[in-house]
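Chain nomenclature is as follows: A, B, C, D, E and F, assigned in order of appearance, with residue numbering initiated at 1 for each chain independently.
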Amino acid sequence: MEIILSIAIGVMTTCGVWLLLRPRTYQVIVGLSMLSYAVNLFIFGVGGVKTNVPPLLGDDVVTSSLADPVPQALVLTAIVIGFATTALFLVVLLASRGLTGTDHVDGRGDRK
Amino acid sequence: MSAIIIFTAVSLAQLMIGAAMAIAAVRMFRGPRAQDRIIGLDALYINAMLLLVTFGIGTGRVVYFEAALVIGMLGFVSTVALAKFLMRGEVIE
Amino acid sequence: MLKSSSRSLPSLIAGLVALGCLAASIAAYPAIAEGEILRANLEWLPQFGLEFALRMDGFAWLFSVLISGIGFLVVVYARYYMSEDDPVPRFFSFLLAFMGAMLGIVISGNVILLSVFWELTSIFSFLLISYWHNSAAARDGARMSLTITGVGGFCLLIGVLLLGNIVGSYDLDKILASGDVIRNHPLYLMALIFILLGALTKSAQFPFHFWLPNAMAAPTPVSAFLHSATMVKAGVFLLARFWPALAGSYEWFILLGTAGIITLLLGAYFAMFQQDLKGLLAYSTISHLGLITTLLSLGSPLATVAAIFHMVNHATFKASLFMAAGIIDHETGTRDMRRLSGLYRFLPFTATLAMVASAAMAGVPLLNGFLSKEMFFAEAVETHADSILDRILPYVATLAGAFSVAYSLRFIHTVFFGRQPVDLPKPAPHEPPRWMRFPIEILVVICLIVGIVPSLSIGPFLHVAVTSVLGADTPEYSLSIWHGFNLPLIMSMVALVAGTVIYFVLRRYLASCADGPPVFRRLRGQRIFERILVEVSWRWARLAEQRLGTRKLQPQLRWVVFTGFLAGMLPLTLSGFEPRPFAFSGVDPMFAVIWLIGICLAIGTAFMAKYHRLAALVMLGGVGLTVCITFVWLSAPDLAVTQLLVEIVTTVLILLGLRWLPKRNEGVDDAITLRARFRRFRDLALAIVCGVGMTFVAYAVMTMPVPDAIATYFLENAYTEGGGRNVVNVILVDFRGFDTLGEIAVLGIVALTVYALLRRFRPAADSMSMPEQQLIQNRFDEERPERSAGDTVKEYLLIPSVIMQWMFPVLITFAVYIFMRGHDLPGGGFSAGLTLSIAFLLQYLAGGTRWAEDRIRILPLRWMGAGLLTAMVTGIGAWFLGYPFLTSHSRYIELPLIGKMPAATALFFDLGVFLLVVGSAVLILVALAHQSIRINRLRASDTEKTKGGEA
Amino acid sequence: MNGWAHHLIIAPVLLPLAAAAILLFIDERSRMLKGLVSLAAALLLVVISFVLFRIESGPNDFEGVYLLGNWTAPFGIVLVLDALSALMLLLTSLLGLAALVYSLARWHTVGAHFHTMFQLLLMGVNGAFLTGDLFNLFVFFEVMLAASYGLLLHGSGPLRVKAGMHYIAVNLAAALLFLIGVSLIYGTTGTLNMADLAARIPEIEPDRRMLMEAGAGVLGIAFLIKAGMWPLCFWLPTAYSAASAPVAGIFAILSKLGIYVILRLTMLLFGDGPSAGFGANVLLYGGIATLIFGIIGVLASQALGRLAGFSVLVSSGTLLMVLGINDGAVSSGALLYLVSSTLTIGAFFMLIELVERGQDAGANVLAVTMEAYGDADEDEPEEGDGVTMPGTMAILGTCFAACGILLAGLPPLSGFVAKFAMLSSMMGTGAIGVPPTAAVWTLVVLVILSGVASLIAMTRAGIRTFWGSIEGTVPRVLVIEIVPVMFLLGLTLVLTVQAGPAMQYMDTTIRTLANPSVYIDAVRNATVITDYDDQAKVSTEGTN
Amino acid sequence: MLPYPLLTVSLILMWMLLGGFTPGQFILGTLVAVFASWAMASLRPDKPKIRKWHLLPKLVAIVFLDIIRSNIAVAKVLIFGRSKTGRAGFLSIPLEIEDRTALAVLAIILTSTPGSAWLEYDQHDKTVLLHVLDLLDEDEWIGLVKNRYEKLLMEIFA
Amino acid sequence: MMGSVVDIPLWGAIVVAFFLLIGASLTLIGAIGFLRLPTFYERIHAPTLGTSWGIGGIMLASMIYFTLSSERLVIHEILIGIFVTVTTPVTLMLLARAALHRDRAENDDSVPGKFRNDRES
């Protein structure tokens, strides 16, 4: 399982970095979202990969076998903050587009 | 015995659903038009939901039900928004 | 604040202050004469040996008297010199401040403090030179002097720091007592060079001399004070001060001697060819300072006596000359010697005074200048360290003496004698007010007294100064006028005669030549300096900034990614980390299939994001879904639910934004340059490398069990201590509730920012028009008689909206459910909040903004504020029970019929989260959605405007 | 400090949060009320942080560990008040107060929710200074960043929006690096608490250590981006100079936050043990590069805003370099320098706007915000028709000169004192008989060169600004605009005069930092309150 | 007090399905459901008037069976291909019902049933445009819609 | 993955497996159709197999399984069925109508309607 998850993280990082370095604001925001996925999975995976042992306590649950809840809590926070910043970046890129007339990250006009 | 039956059935079902998801993804990839991609995403959502339910059966846990229910209840919202965007060029007027 | 037009009061105050300083200095004389050293200490930065230590010995005393005495005279003079239009209070305050700084230099008992005052004199001299800042010359001169002396000050600082390193103290006494240690220390040369740089820049020694003539744009009192008597003396003062500690080595002699001799000669030579009166005096000052420097360089005690003596003498005659020049300028309106002549008949007193002073400058017997010059000549013929410098010194000295005779003669002859002046800017010059001449008179009298009865007048004072510098090394010296018919006297005679000859030979040429000496006229230190400064500090800097920096985003992000990659990889590669071999065993094939899909969609997203935004968005949604399935698969149902909800809201958000982005068609910019291709290749390579790195690191860390983690504690205590079965939720609202508090703050801030930014949002011109679809549909509606505008969209949503409305109460119920169960099972405030926001969003989608807001009035700001307060007050509640912030109380309470209910205070905290999330998400969505309405208004007002414009 | 007083530690976080929450309930149109609430909060914050500072500078070894939620150290989040954090809190609150007062003149009216975001910025910065938990640090970094995004964009306009976009993009990338770093550290050590981490690091096995160091490296990049190390700093001058004056003023503390975290973590985690000195070279060489770039930028800047922005880089470069040298005495000098340069740059950013207002009558706030097509019905700033003060130019000129002297490190102000303290401990009495090494020489030369560059640039700019044109109109400056500037400059004066005691404090601070076991023990040994009544008994017994 | 009793009951049912069939959950569910219904009222939707309650189960049963049938039919088409006469095609059907809720129910039925899809409703012509996967006989389809569903719906909603 | 399968009666297992496979195969068939059908309007029919009896089968399987394994009535899966049934038409309707608009705007003759886009030619 680890190997799949690692490769997934790697591929998403690649796609995310590639998009992040593109000149169009939309590409950048998509890239940031993609990188967020990669990073969230990374944080998540750090706690170890376990199937079907959600950190939910029941009467008959052996706590030591459960998945590490800490990375999950961290990812939850990261998801929320990622959501917020995506929204923000979106609005800023819209404002930039409105003010400069282009969707280039440097506000440069398109060569025509 | 019943465990083996269920295990086999769940595995087979998941494989089929997985194939269905792959096909949906192919549609999202190939299009040819935006509506095809959107409907592909919708199908992917539904199939994912089915996958989660089978996963629940396979693991014998009900806690994964919530995720499936969220897809069932709210999964359509993004599709609606996408469709409206196609139709009107604007999501909220 | 004083009225800036009055001159008397400020000058009175300034004069009294200067006089007070003088009186205080004089009062200290008895003690000083006893060889006492007066001290005052204040702590400043004791950890680093910096004390506010004042220390007055004989040398310092002599300088204090000089500074405050001449300072007082300059104040008197300035009272009449300054015009009523000038902001006089500013002038006097700067002047006094400068005087204070200068006094500080001479009485500092700590070398760091000395360098502090040193820089202060630079700063105040800058302000004084630029006093008439409307003149470009004043501004440039001031800047140049500040740049050079300021940098020199920094060098001095390094120098004294090194002294501190050598000696272990910045205390002047200790340093002066450690001469041998210093001279034998490996850092000596370094320290010497830096200190000399400081001294030579300040005293305008070659090759840093050129700032001084440019500083002549200053008002004349400033020149008289700073550029003859005090500031430029600071350099030679410092050399004499440090003489016991630094002098006597070969390096000292070579470095200082070279600079001194060149300055001496060049200064005198340049002075002859100046047309500006003050220019002449400035170069003469440079030359005389060179003389003093040369004397100090010799390393002989006797030469040092001569140096100190000449410092005093030069100060007196040069200050008086500057003041005289000022009077001439004041009365005639010009300082150009080509225009001045025959002023004697208008200004007989001033002329006489000037003549005496310039005779002193030329070294005419019976005047003070003669005495110290004779001592110089005597030292020049002695051999100190056998070198070429030593051997040429007598000739150089004589030649420079001759030059100085020549320019002194020229000053007097050209200005005061000859034909009547024509075309003066101010006709009919006359003698200045009585008290304006007074300072000159005093100084000239001193010149005469010292010149005639040196040992009776200056003798004791000089002695006090000399002994405090040289201590036990104080030589026998005599201040008498007549030492017999000796070599120095012959040299003086030669110089006098030769100087007279030179002047009369050059007279014709000088009467009309351009400013500056032949040959070197073009070679102006000032211009070279300016050019270098502009070149280095402006053009090169700009070029370098462009090369080393960027204002584009992509290179910046590339750097971030690249350095981030390096920072992660280098510690691993350098320490020889061995990546674990990949193991494919135990892989759930279904999971592999899911990620095969996910990876394809991710690549598809990257591929499509430029030209097919919607497709990219759809695929990104697919990737998000894959992530969500992963969370389910790997035991994180909470994350899955949250991820899903966020995914939905984000998709809608981005869709809301897409409408404002420009249309992009494939093939518009098909002409991909080679450079762009390279850039893409590089980015791709970087992206792949990063991806591979992440894969390896992720794999390594995932296959490594978390050691003795805090996780165990959480798992074991979540229920018993935290009162919840969903450990993730207990962590979020209890164990690490503070994180959540911060997190909701982030969400709130972002919502506010979005709102604030969108209030000013103005779409680009090409997004102003209605989307094409709406145009087409509206046209269709308008063309059909049975339809009216907007019918299409009404029909479109007619049936779906019914179902979407039905979902509203359902989603509310669901949100409450998610919220209530969060503590024990997947869910919680955040998920519930997002669910409720989606419920609202759906109504906006179904009915449009107006419809929705007509029915449901959401006040998102109130929700947000309530959320923050609820979360916070819950946390603070613990205070009243004596516990820290956010301490939760959990217990299950038995309610009739309902049964066991979790009633943790954490639930209230989660309620805060819920409220804030609803408020923020709705605020963001609504603010974006409102743009479509706003644009209609904008469009309408624009049409109105164009109509108005046409009419 | 028991009972209620103990809660003072968390007050610097909660107070701005409470203010922000209350501000949300006040209508956007009642600016006065909003301003008053915000001002009151800022004033109270100064008082609180001053009390905390006094406690820390007092003789008793107070260990201010606050166990949030009453959970013991590695499990819950802790706040730690020590000499360093107390100092930074005080600095932040003073700067915050000045910037806030300044904004009340007109800037707070040019956009929505200025005060709310301002308070939340203070909350984020204070939280980051106080927290003893790595992930909580991330959260407060994000609070601070989010608020800074909002404040940078405050007033809108093409320049700000473009600068803001770059700023946000770079910092979002940095946030991702932060997360990667934190999770790697958690994955390899199993803890997030900084003290616990410091205690665990010496004991972890080699391959974990390597991964942990990789995590620390990535984390470091995130901080260095904030601190503005070359080549991660290009956004900084643009962003800071585009920000409105009070915002740029408070931003002066933000780059120092990066420095603070690096200082804190390197001293705590990499002080000694097998990972000792980790990253020191990066700091040294990065600092050198930053300083060089800062110097170049200072010289190359025509606009005052960019000049100030590059001064931030100069300051960062100097500090990073000193951290790279990692010598106690030098570091305490650096701490003084940090305080001095923060105050200076904060004052300078606010001053710039006042000065430039006179240069070009049209280029004032109103023109920026109205930008020809702003919705006139919204946010019409009240006409700031205060009386033009007598001697405005003289005051502005004096302030400008003071800024120049402080930036150039010329005597006698604190800029000089701080530089002297650093240089002296490297090559003066602090290093008697130790010949300066190449690194020290480089540092000395660069520090001096930076002073020269600032001197040249500031005189050039000052001459152009104040004396350039004869007809330059006297800017209309309100008292509440110039007073904050003078207040900050006055603080540098206090720092100058009280250099001895100040240095004493810095010395103690650095010495405490250099001995991490104090910090570690304090956090690890902090005990939860088991029963309030017992606790009360204990405390009364203690006082008897 | 209770603007939408049917809705409220459904919500209570939903709550108990989620939370469990206990008296406590019933009370809680009721509270929430009442609140949600009240929220629904604020939207002021067209209030459906259901006249003949007893016909609802009939409708559900019919639809249930039809869906099974068409599942098989469509699966056949997808696996084996269409019969030679069959084709996919558009179909315009005039409708008599006007109630939005009834229309919505009809749309749900037709769309949920594999093989037919509701595309567009024209308010002026009162016609619906359907797309049918396996269109053998248009009239048969029109008859199906009108007789099997519309009639029943018109009886239920009047 | 098969961490905690509770034993249920054999008949139950068979029934569960049956419904599970029915649902999954209908879903797969629908997906295949979705891939193979030539036009958009035909393709929208395909996923409804999954959203009707695909879901139906799997939900039934889940309900039976959990009811048997936990020995109490577990039928909350009904909710998923209801909501998917109710919401799928919304998406399909909106999407199909949008597709109609787009085709008509391009004057695609294979699509019925009065609408013609005159500007497009």
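Throughout what follows, contacts are C-beta pairs under 8 Å (C-beta built on N, C-alpha and C of every residue); 3 or more make two chains touch, one makes a residue touch a chain.
By chain, with names taken from UniProt: A = Multicomponent K+:H+ antiporter subunit C; B = Multicomponent K+:H+ antiporter subunit F; C = Multicomponent K+:H+ antiporter subunit A; D = Multicomponent K+:H+ antiporter subunit D; E = Multicomponent K+:H+ antiporter subunit E; F = Multicomponent K+:H+ antiporter subunit G.
Fair warning: this is a prediction, and the values are worked out from it, not measured in the lab.
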So which one's got more C-beta contacts, A-B or C-D?
-> C-D
If we define chain centres by averaging CA atoms, which chain lands farthest from subunit C? Would you check?
-> E
Closest chain to the centre of mass proxy, which here is the mean CA position = D
For subunit C and subunit F, let me know how many angstrom lie between their CA-based centres, rounded off.
-> 67
Subunit D to subunit E, mean C-alpha position gap in Å, rounds to 62
Here the gap between subunit A and subunit F, centre to centre from mean Cα coordinates and rounded to Å, is 29
If you average the CA atoms of subunit D and of subunit F, how far apart do the two points sit, in angstrom?
-> 56
Two or more other chains are touched by the subunit E residues 14, 18, 107-108, 118, 120
Mind pulling the residue numbers of subunit D that touch at least two other chains?
-> 135, 139, 142, 146, 149, 153, 156, 161, 165-166, 169, 173, 180, 184, 186-187, 192
Residues of subunit F touching 2+ other chains?
-> 1, 3-4, 30, 32, 44, 51, 76, 79, 83, 86-90, 92-94, 96-97, 101
For the subunit F and subunit B complex, residues of the former touching the latter = 1-10, 12-14, 16-17, 20-21, 23-25, 27-28, 30-32, 34-35, 40, 43-44, 47, 50-51, 54-55, 58-59, 61-62, 65-66, 69-70, 74, 76-77, 79-81, 83-84, 87-88, 90-92, 94-99, 101-102
Given the complex with subunit B, which residues does subunit A contribute to the contact?
-> 51-52, 54, 56
Which residues, counting only subunit C, touch subunit F once they are in their complex?
-> 588, 773, 776-777, 780, 784, 796, 799-800, 803-804, 806-807, 810
Give every residue of subunit B touching subunit F within the complex, in rising order.
-> 1-3, 5-10, 12-14, 16-17, 19-21, 23-24, 26-27, 33, 35-36, 38-40, 42-43, 46-47, 49-50, 53-62, 65, 68-69, 72-73, 75-76, 79-80, 82-84, 86-87
Flag every residue of subunit E that touches subunit F in the complex, lowest number first.
-> 14, 17-18, 21, 67-68, 71, 74-75, 77-79, 88, 90, 92, 107-108, 110-120, 129, 131, 133
